[in-house]
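Please read through the structure below; I'll follow up with questions.
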Amino acid sequence: MAPITVLHPQVLPMEKVLRDPIHNYIYIQHQVILDLINTKEFQRLRRIKQLGTTSYTFHGAEHSRFSHSVGVYEITRKICDLFQRNYPTQNSNDGLWDDHERLVALCAALLHDVGHGAYSHTFEHIFHTNHEQMTQQIITSPETEVNHVLRQVSDDFPAQVASVIAKTYPNQQVVQMISSQIDADRMDYLLRDSYFTGTKYGNFDLTRILRVMRPYQGGIAFNFSGMHAVEDYIVSRFQMYQQVYFHPVSRSMEVILSSLLKRAKDLYEMDQLPHDFAYETLKPFFDNQFSLKQYLKLDDGVLNTCFSIWSECDDHILKDLARRFLNRKPLKSAKVNDDTRSLLPTLRNLIAEAGFDPYYYAATNDSFDLPYDSYNPSSKKPQTQIELMQTDGSLIELSTVSTLVKAISGKITGDERFFFPREMLAKGNQLEIFTPVYQQFEKYLHNDRLIFPK
Amino acid sequence: MAPITVLHPQVLPMEKVLRDPIHNYIYIQHQVILDLINTKEFQRLRRIKQLGTTSYTFHGAEHSRFSHSVGVYEITRKICDLFQRNYPTQNSNDGLWDDHERLVALCAALLHDVGHGAYSHTFEHIFHTNHEQMTQQIITSPETEVNHVLRQVSDDFPAQVASVIAKTYPNQQVVQMISSQIDADRMDYLLRDSYFTGTKYGNFDLTRILRVMRPYQGGIAFNFSGMHAVEDYIVSRFQMYQQVYFHPVSRSMEVILSSLLKRAKDLYEMDQLPHDFAYETLKPFFDNQFSLKQYLKLDDGVLNTCFSIWSECDDHILKDLARRFLNRKPLKSAKVNDDTRSLLPTLRNLIAEAGFDPYYYAATNDSFDLPYDSYNPSSKKPQTQIELMQTDGSLIELSTVSTLVKAISGKITGDERFFFPREMLAKGNQLEIFTPVYQQFEKYLHNDRLIFPK
Amino acid sequence: MAPITVLHPQVLPMEKVLRDPIHNYIYIQHQVILDLINTKEFQRLRRIKQLGTTSYTFHGAEHSRFSHSVGVYEITRKICDLFQRNYPTQNSNDGLWDDHERLVALCAALLHDVGHGAYSHTFEHIFHTNHEQMTQQIITSPETEVNHVLRQVSDDFPAQVASVIAKTYPNQQVVQMISSQIDADRMDYLLRDSYFTGTKYGNFDLTRILRVMRPYQGGIAFNFSGMHAVEDYIVSRFQMYQQVYFHPVSRSMEVILSSLLKRAKDLYEMDQLPHDFAYETLKPFFDNQFSLKQYLKLDDGVLNTCFSIWSECDDHILKDLARRFLNRKPLKSAKVNDDTRSLLPTLRNLIAEAGFDPYYYAATNDSFDLPYDSYNPSSKKPQTQIELMQTDGSLIELSTVSTLVKAISGKITGDERFFFPREMLAKGNQLEIFTPVYQQFEKYLHNDRLIFPK
Amino acid sequence: MAPITVLHPQVLPMEKVLRDPIHNYIYIQHQVILDLINTKEFQRLRRIKQLGTTSYTFHGAEHSRFSHSVGVYEITRKICDLFQRNYPTQNSNDGLWDDHERLVALCAALLHDVGHGAYSHTFEHIFHTNHEQMTQQIITSPETEVNHVLRQVSDDFPAQVASVIAKTYPNQQVVQMISSQIDADRMDYLLRDSYFTGTKYGNFDLTRILRVMRPYQGGIAFNFSGMHAVEDYIVSRFQMYQQVYFHPVSRSMEVILSSLLKRAKDLYEMDQLPHDFAYETLKPFFDNQFSLKQYLKLDDGVLNTCFSIWSECDDHILKDLARRFLNRKPLKSAKVNDDTRSLLPTLRNLIAEAGFDPYYYAATNDSFDLPYDSYNPSSKKPQTQIELMQTDGSLIELSTVSTLVKAISGKITGDERFFFPREMLAKGNQLEIFTPVYQQFEKYLHNDRLIFPK
């Protein structure tokens, strides 16, 4: 570690550690990293779950964005160590690792998610906030503690860190550590989510992947001998999406949350939302005029407190949805496809007939992901493809040599589901008067899919 | 499982499972268990961390009382299965297992912590609430969903479940499954806290312990061949207390929390607490007149929301303590003993000289535990000792045959620490004016202990 | 377990256990299983490594066929328990599980590999022995202890057990537990080999797969909800073949072993093999006239002892090959394909020029596997395909719903490699006289492949 | 790693790895380490089980001395890395780490067990060989490949490496890495034996212990903050001895082995041992005149082959004992103590009456260990005690601060057992004629102990 001392005067006299279930220890070797972790903006990540509604399906998945963020930092630190040990630059054009880049890489890794809010995905959809913009703002706004710490390094350091996260930083090795198809972010969340959910799908071989990573002129490549380790990572990621991230029960809780926020917003716009703590807290977002400080006040606990207040309010729908969310009463669902999408109006009508406003109690939700793609300049979001380096130094793209990766490369996978109240499936304890409606509704469901009744 | 069907008409046609990182799966085989999990009182446990401020030290320890509760249920279920398989009663006096007890055992296991509130330990200390009473009330009060579900079994079933938790239930086998020195509760929390903190101390051999458990007339004993597995459990528990539960940083965060709640209460009593959401929420507790419903509203998120409100209030101390708690600014500490306790007034004075009100910014906190004890009828809380059954059926108490257990048996272990603001340790970035005070203060600290300065 | 007692009078009064790193415990509940494990034919499996030369690549993989065999037994036992608990037959035509089949299934599982010899694959290739025939013989021959134990159950029990292994037993559920594309044998070896090699590829979710297994008229199917667990198993198996079982270094040690045995046989046929212990031990196999007793004498230690004797003999080639094998001096290799196969005579000539007899020092070795196949009646070895059962009871073949499985279904994968002495790669410490030969040879190698030199 | 390059010209251009289930990877960074591993003397360790007869009790424990040896190397390498990173020497008297010592430490770690033979403990007892002397000889004798490789470093390097293992090397830090109460040897075998047996007792927190290790003038100390990690290691070691290493079944197999070798030696001395391969192989040891080459020929496989030959011989006792050993027919046993030792002659007589020669079929075996001791200059083997370094740099001995360690410190623990044929416990399938003898014998056994019959 002598090289660090030379390059970075901010090195701590004695490294500090955080105990971590995934990486065993997180090693903190720079004062600036320690100070960043101690900022209030970063500590706030302790109060935001990494996986939002997923813990409603996998009760172990209660880990926070804080623990993921320090994990991404730690993987990045390991990559820097490895690069410095095995591939230190000798001259400026050799495409090898320049350890002067270490600090910007570590800070970007640590802060890449610092702008996330509670239940981000759904919240952003309803309120048009954007956690990536907030991350940039927290890093570059002079009012934050994070910015204050970063400026201790140099005046332009906050902008540099922000540009790594925005992928505009010139050194592609640093950018790809944090953002690529096989980056520290994805590697940490797969391992971490797998550990905390208790599923085994995300459990690829991190040590082996780190061993075969190497810098080159164009960014980061992988030694050909590690092809199967990289393949296994891609397959693990694919399986985690299929099994955990796209789980219908978690998505149904998101649907409820979305309806709940929509209902509150609709009431606000009709001036029917009670003027209480929830009102005051969310008003800036209903109005889409909020300060950074107001944004940073929102965490899982504050939002849940709002829902708890609403669970006692007078509006029947808001109250009911808040209770369904807090007390975990998921909706039921079935797959819908291009053929059966035409059935949705009929189904919504039946739901309305059974006494539920389909605007809030029925929804489609699609979850799709591109597990891997080779570089495609014509796509909307061209991906940095994964390159393997052969013995002679030439590069070869992953999917050309892996049967498994080829099978899922470039294919968007997932499903679209139609969500509806569990009450639509008559089980005998609903109102008898609606039994014919329920029976009619069930004719459209078979083997977890919508069908045209015979 | 056919025997279950016979004994319990409520058996589900097909068992359901929850994925769990500790037990792999939680198996749910009775309708009443499924219904209890779905009550709002039980779902509320998702919003209360199992280890409170420990996650400030071990960031992975963000698991909830929900996950622990289903874990205790699952271990109890496994014990029932084992007892029914290997030691089914043949006649009413043989001291073997009567599977009619299964349902009451399972429900008591699931519900044993249902009355816990947010940051229970500290909250109860300040507000004189009692989670054990609340557990009894949730089970027996006709206004709860839990009680409603339990009454489906029989009218006196809620009272039976409550009596198991209160240890007054006649069948000692059932009582000891849930409450003894080696019960399902302790076994689950050691394994679970070990897993989520990422430490390894709590990781004893559950399968082996279950294998050697056996019912007898007086309760539950262990086959002699399993002595070392039981010993290892006792040692693991001892080590978890020393290493995790008694960690000074977590305790310092508890000290802050305690001061914060004290300050709020003091302001309330002086009628200086602002009338806002926090005020409304906590008023019944300041007055010590609260309903079950009000109690059930409190969870980690609601309390943290109160603290967030206070972190912007006008009272300097309340604001500062709220910020220290939310943004994790732990106090420092040193061990104090009978010799050095006399130093505390001097140290409090120095703290006051440096500008901190010692009533809120200095405190002693002791953490002591009795790792194991043989039965001692004269003690305040006599423990059910651990008995080993020899080949000839005779019983022998654990500490008489285990050197390690004997070493810690009957000895209360832990430490008492004095907590003070980190600012008292001059590091150059405090106010220069107080430097002499800091220097004086530091003379009383050496090797993590208070000392008499030379 | 009461049902077992009724069906099988041989149930032990108290179950016994073996500690196992994969399954934690192996539970032994029948006298006949305990007695089979204690036979000398079964104990002999302790002296035969499960993975032969693989431990030369992965030094942890030193586990024996004994530990795998008890593992296959344990998985089978778990399947029987699950089937009996959830799918007990009610009448003879319902396609559900008849627990009278338990004992024959358990015995077949335990004994399915009892006929394996040392380094089976290579040994059988040279000496035309057949471990499957030997398994049948050990079970059915009245001279073995295994047969004696099985006959305690009934006179025709040995034949029944043998027929399960031969796949001719009428109950397809029993046959498929032991032999199918997802059977107890494969599940145990993937988990076990993964654990002992220290790789992670083979680590699928056994508990989940067992949960979704179910008997039906045609054998064993899987609930549709478990599709991804089954998919993950297929992918794991594919990856273990690619990464572990087909590893070039292990294969090169097999090539050496094959040459060594060939050389010994050639010398024997020329009557030039010294008449010592190795000669006496292997003579029946050189002559292809051996008794069961002679076969059972061969284990890893006995064969290695023969090689140790040969490592001091006068024949230069036999001595050298024995030393290369015992002292782990692997050959080097490169991939060969249809295009480059024509280069082999040239390369063999260069090897001869460098002083090595290519008949013993050069070889091609292909390792191919069919990771999964749907049922194909026209194939040489039609596979029992994996069927998923939908909610309505209908069956659907795995590869029609899994993108990953479809990608590898029906495709034989692996590679063919050309093996040659490491000395052919001039590194400066070989004989200078051959340097031009080495340099010529190296022109045919590039990126781990044979090429046509430019 | 740049420092390594400077200090050791033998550094490999690119590190190599071995996959290892305990340490994930073994990193090889020096040519001399790679060459040592490839010597025939070191490869021979693959053919010797680490735990001898323990695999008869824990079938997973089939790992070899090879895998343990590379593990000890790896832990030593990690300690050197840590010392060089955090405690590099600045001047010759500062008591910090001098990285010039790295290579001698690594070689000593790798080779510390290279002189072990098959079933060392028992073999040495009967034949008066000594594996420690053999280790010294293999390192220093010019006839070995190991010596040849070591001499590449310098002429006196073999002697240096040997002196580290003999504990006479001047630098105590290097000596204590390999040999002390908490050294790389013990740490590897606890973790490895725990993993392969599948027990959990040996599973302490290696990473944490490595973190708190630090060099000082007198050798190696541990930061006080790591007290509990060190304590846990001592407790784990204690438990592994109690649970695994002292297991009565493994010891009974050792007793059989001892009797078997004794019988062969007795027959040899009476010139009644048949002149076959076994005779030739062991003759130098019967005569106690053997060469290094002859010693190195002996491995588990060769000895088992001898036993297999004897299992067909004419001598009834030799044949029977060989079969009991190969086919795992353990003796039974009971604890004996100072009171009951006087019963042994009576019991031996009963064994003789039942037809067994007690000289071969009865034995006492004691297994005792000193789990930890503080330095005691008057003891026969004074131990280097474990020192904890406090914040102010002062040292404090472990047992003075750990209740658990104090409990077992200086206390020799274990038991003495009397072993006898299982046939002495009449179960109905022995010869009826001896039933009264068996019944008489059983009166002396109760609760796993010898007793005076009432």
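So that you can tell them apart, the chains are marked A, B, C and D in the order they are listed, and the count of residues begins at 1 in each.
Just so it is clear, contacts are C-beta pairs under 8 Å (C-beta built on N, C-alpha and C of every residue); 3 or more make two chains touch, one makes a residue touch a chain.
Only a predicted model underlies this, so the values are computations on that prediction, with no experimental measurement involved.
> Identify the chain pair with more contacting C-beta pairs: B-D or C-D.
Counting C-beta pairs in contact, C-D comes out ahead.
> Among all chains, whose Cα centre is located farthest from the one for subunit D?
Most remote chain from subunit D, centroid-wise, comes out as A.
> Taking the mean of the CA coordinates per chain, how far is subunit B from subunit C in Å?
Averaging C-alpha atoms per chain gives centres 50 Å apart.
> Distance-wise, how many Å sit between the C-alpha centres of subunit B and subunit D, to the nearest whole number?
Centre-to-centre distance between subunit B and subunit D: 42 Å.
> So how far apart, in whole Å, are subunit C and subunit D when each is placed at the average of its C-alpha atoms?
Inter-chain centre distance comes to 32 Å.
> Would you pick out the residues of subunit D that each touch at least 2 other chains?
24, 199
> Flag every residue of subunit D that touches subunit A in the complex, lowest number first.
Touching subunit A from subunit D are residues 1-3, 14-15, 17, 24-25, 85-86, 88, 207, 211.
> Sort out for me which residues of subunit A touch subunit B in the complex.
For this pair, the touching residues of subunit A are 18-22, 24, 38-40, 43-44, 46-47, 55, 58-60, 62-64, 66-67, 70, 195-199, 276-277, 297, 299-302, 304-305, 308, 323, 326-329.
> So in the complex, which bits of subunit B are touching subunit D?
Residues 199-201, 203-205, 224, 228, 231-232, 235, 238-239, 242-243, 390-392, 394, 403-404, 406-408, 411, 413, 446-448.
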